[in-house]
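A, B, C and D are the chain letters, set down in written order, and residue numbers restart from 1 in every chain.
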Amino acid sequence: MDATTFDALFERVSNWGRWGANDQRGTLNLLDDGRRLEATAAARSGQVVSLAHDLDTVSGPDNGRPALHYMTQQADVGGGEPRVNTDFVGFDFHGKSVTHLDALCHCSFRGRLYNGVGSADSVDSRGGHFGTVDQLRDGVVARGVLIDLPRAAGVGWLEPGTAAGPDDLVAALAAQGTERRPGDVVLVRTGHRRRRAELGAWDPSNLSAGLAPEAMAWLHATDTVVLGSDGDSDARPSGVDGVESPIHALALTAMGMPLIDNLNLEDAAVACSAAGRWDFLFVLAPLRIPGGTGSPVNPLAIL
Amino acid sequence: MDATTFDALFERVSNWGRWGANDQRGTLNLLDDGRRLEATAAARSGQVVSLAHDLDTVSGPDNGRPALHYMTQQADVGGGEPRVNTDFVGFDFHGKSVTHLDALCHCSFRGRLYNGVGSADSVDSRGGHFGTVDQLRDGVVARGVLIDLPRAAGVGWLEPGTAAGPDDLVAALAAQGTERRPGDVVLVRTGHRRRRAELGAWDPSNLSAGLAPEAMAWLHATDTVVLGSDGDSDARPSGVDGVESPIHALALTAMGMPLIDNLNLEDAAVACSAAGRWDFLFVLAPLRIPGGTGSPVNPLAIL
Amino acid sequence: MDATTFDALFERVSNWGRWGANDQRGTLNLLDDGRRLEATAAARSGQVVSLAHDLDTVSGPDNGRPALHYMTQQADVGGGEPRVNTDFVGFDFHGKSVTHLDALCHCSFRGRLYNGVGSADSVDSRGGHFGTVDQLRDGVVARGVLIDLPRAAGVGWLEPGTAAGPDDLVAALAAQGTERRPGDVVLVRTGHRRRRAELGAWDPSNLSAGLAPEAMAWLHATDTVVLGSDGDSDARPSGVDGVESPIHALALTAMGMPLIDNLNLEDAAVACSAAGRWDFLFVLAPLRIPGGTGSPVNPLAIL
Amino acid sequence: MDATTFDALFERVSNWGRWGANDQRGTLNLLDDGRRLEATAAARSGQVVSLAHDLDTVSGPDNGRPALHYMTQQADVGGGEPRVNTDFVGFDFHGKSVTHLDALCHCSFRGRLYNGVGSADSVDSRGGHFGTVDQLRDGVVARGVLIDLPRAAGVGWLEPGTAAGPDDLVAALAAQGTERRPGDVVLVRTGHRRRRAELGAWDPSNLSAGLAPEAMAWLHATDTVVLGSDGDSDARPSGVDGVESPIHALALTAMGMPLIDNLNLEDAAVACSAAGRWDFLFVLAPLRIPGGTGSPVNPLAIL
């Protein structure tokens, strides 16, 4: 895709100004109490599946800044009763390992964040002041829809480098018999982590399965609230001249739609297949990090 | 309360062996798909309220180990497009500031964890091997009940040092018109944070409002799944000879019931009062920290 | 001191251009192999005294961002022999607690660093590119001179708020019988830590003993290489209109002279007094932190 | 080497009891003011060479727990003048990357530390209480001797797996014309980092050049104070039945001799060769980490 075509797509999916010149919530505006209440009806069995991976403290090709986990005290010290075991955790969470949310201020495209705000004006050395994770303090409670691309394609996983377009998404939904609705959280399974489990880790920075840019037009037209994937939603190489992560630019910057990266969709895929339905009550509760660009998270699918 | 009386209470509320000699999930066993599905019916408006505080990076009397939040990269570096703003967060989260979950392995009473397992045998310098936060990987989805003690007492807050007994809890529920059910998550508001907001921070290690030990017998008898509070549930001074944190010992060690400390119940109190009901769908999703003793969290009340 | 007078003093002590337009080593240029070799002769007994404090992991009025120290492994884990005990340390080291070096890029005055370089052009979110601690990779080996102001004044300490001028420094040197030489590291004792030990910690951000701005002219004229103090060298309130830390601005920005803050000069004061001389071989070896603005340090006085 | 032979060697080089049953300083006892003063005479030109590497924040085969370096503030925030650039550094410093000191409590052999003290009794979850880095608070000031093994062997580096015995050390010293004296710090260059620079990083945990166990008898007989290397002094595979790191066990546990791992000896090798002498004033100043098992360091060779 050449730069001109990408720019036109950026304009087409842009939500700049849609909810006001000062809006910093983006597609979260698509949710209201009514839609949240409706979403609770998507829970029909009460089964819960975590959509996160265990935090990984071991470095590797896709985990260059491993999470920190240290005991800070054990019950071997302290005089009284009871005694405590305590620990420290630390995360440089963006990257290819930690299951995390990207807030809107995470992604600057040509110096701009969502709604046209300047990145340098909105994020300083102490944190962000616009489009931060604070906007998600009350979490995301919505109907979640899993789109299982490898299942539809009858493969174990999409090979790294594959970019799924809108037709692929629509076809997979049809194969599943899953309806899309405005206000959905859409979770796209590429099989990234199944491949990793079977073949070992690799560096997905330059080679990953994800979405084709055109897919964002469909997500925009269908009023998607949040997009998540078992990779980071971007296919690489991106196929777009001069844009390394077009999905990030289109989602976070143009649409104002948060992303969830590095989801664990393996357990959910099994559960959805067993249940014969791929929609559920989705709950995400980012940590309340003032000025944060995102958060490590453990999203839940309540079937 | 003398030691003998406390020991008898410990025995009375103990769940050791109740779900098998090897059980490490404790009161989470009270939840099943059916109860979770029922709990979704407690959401009746779709309003969501965060039950966490903003993470606090500034040290103070109740925050001796402040949370770390550092920018790790801004859009001022990097060659391609888009560019990113990223950050690091770190938490020594137990204590009196961070809203956090205590997993069962957090609390050792006389060398024992829940189910009689030795603390030194179950927690080493790399983390825990029993009763860790891993047991809560699929979160807690349950009916939540807020017990607003200051509201029932007609005061702004319970003075630090106050210990609420079972009669206080029952009376407050009656005043609210709230029914208790097996499988509930019980959240006890003492007004701790309202006092802090109005009078300033203090060190609650030695002076705090919370529950009287006898209240645990009621929580046990009513099959409570998780207990949370705007303090850490313990009143101090504890009033129990030789036991500084009797609620922690009774909940975590005897009952195998996780605790949530330092909740933000101010917004929920307002919302519940406005709605005229104090029950809701409660969702908690701890981070998946292998071997962790707990997790910073942002629990949600979905009214 | 009004702004005009301060600006004139800034010009008077400025070393901008003195060692070339591209220089980023500042007063370190005053040291060469010859002066270092001469400095070794200042060691006359072989007694060594640490000039650092123990790192403090407990927060307090002068330690709002306490150092982190966690065990990462103990000999309770691991299969083979030998087994190891290991730990993690972390420092947000600038501030009033950690004994640390300020590299030149630490201090921006009206947007400029030493030699007129723009701060925003030289320090980005990944670290500094000019005047960083890398310039001190080979340490500072020099003759050190302790100026013990409370000793000369016959007091336990200078009261916070006191600003010592050039006459005070010269008089204290004369009382000690200590000669000043070009290329010296000058360490100024105010008794800050003795006061802290006796009266308890306070927040020195707004109330501290240190140097008067005029003292910098003397340090400049005498070709001082590094200035250190048991406070952070600045007296506060500063007495300079619109400048909160004039010594930092004059030393780091104008002169290009590194500072060492929060030194432990109590042990050295005792040792020097016992030896009857206040000069010694001084060795400082900052950690090699690429792009760092300074380093926690443990400077040594070798008498 | 079989276990019996190793045990006999352990006994032969043991300093347990040599400086008293309660001693925790080990070979540091070999230094006194007189020897330190003599050591200053080893500085004959005033040239200083850092013996540390730059801290490495990028993970790799020999850097699984990369150092943390984050800006905590830049001059873009703050209202007054001057403004500051500040940063955070963190180290899980043991391992194969950071230049660091091993204090005696780092190494437990069959449950015992130096002088026969139990590791579990001396190190708890808060830190060590015996043989910690506190014992080195006044640093190590000594005559340093570089033994350049690749130079003597006429090779670029010793191949990983090579174990240098006492004859190799003595021969290299003779080739250099360097005399050994009691109280020396001995630095052994294997060329580890030159190999790394030319061939790329590898995991030295299982394949490294170092010393043969017998070399420790010579270091013991010659009253060596500290041993350092560009690896971690251990050759691997170790060649000793059931002992993975025999040099660590013999040095730290038996002899009570601190180790310095991951030294940068490349610059020093060039400087010593140019100077035609391989001895110098050596200064090491570990950070004052209470209860620490070691410290990241930047040792200096003052030629």
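Some observations on this one:
Quick note on the criterion: a contact is a pair of C-beta atoms (placed from the backbone, for glycine too) under 8 Å apart; a residue touches a chain by one contact, two chains touch by 3 or more.
From a predicted model like this one, the values you see are computed outputs, not experimental measurements.
Looking at chain B and chain C, the chains that touch each of them are A, D. Between the two copies, chain A and chain C, the C-alpha superposition involves a rotation of 180 degrees in steps of 5.
When the C-beta contacts at B-D and at A-D are tallied, the pair with the greater total is A-D.
Same-residue interface: chain C and chain D share over half of the residue numbers found at their contact. Between chain B and chain D the centroid-to-centroid distance comes to 47 Å (mean Cα coordinates, whole Å). Centre-to-centre, using mean CA coordinates, chain C is 28 Å away from chain D. Chain geometry summary: the mean Cα position of chain A and that of chain D are 45 Å apart.
For chain C, the set of residues that touch two or more other chains comprises 68, 71-72, 74, 76, 88, 92, 124-126. Chain contacts in this assembly form a complete graph, since each chain touches every other chain. Taken in their complex, chain B has these residues touching chain C: 58-59, 63-66, 68, 71-74, 76-77, 92, 124-126. On chain C, the positions that touch chain A within their shared complex are 68, 70-72, 88, 125.
Taken together, the chain D residues at the contact with chain C in this complex read 32-41, 43-50, 52-55, 57, 68-69, 71-72, 74-76, 80-94, 99, 105-111, 119-120, 123-128, 134, 137-139, 141, 242-245, 248-249, 252-253, 281, 283-300, 302.
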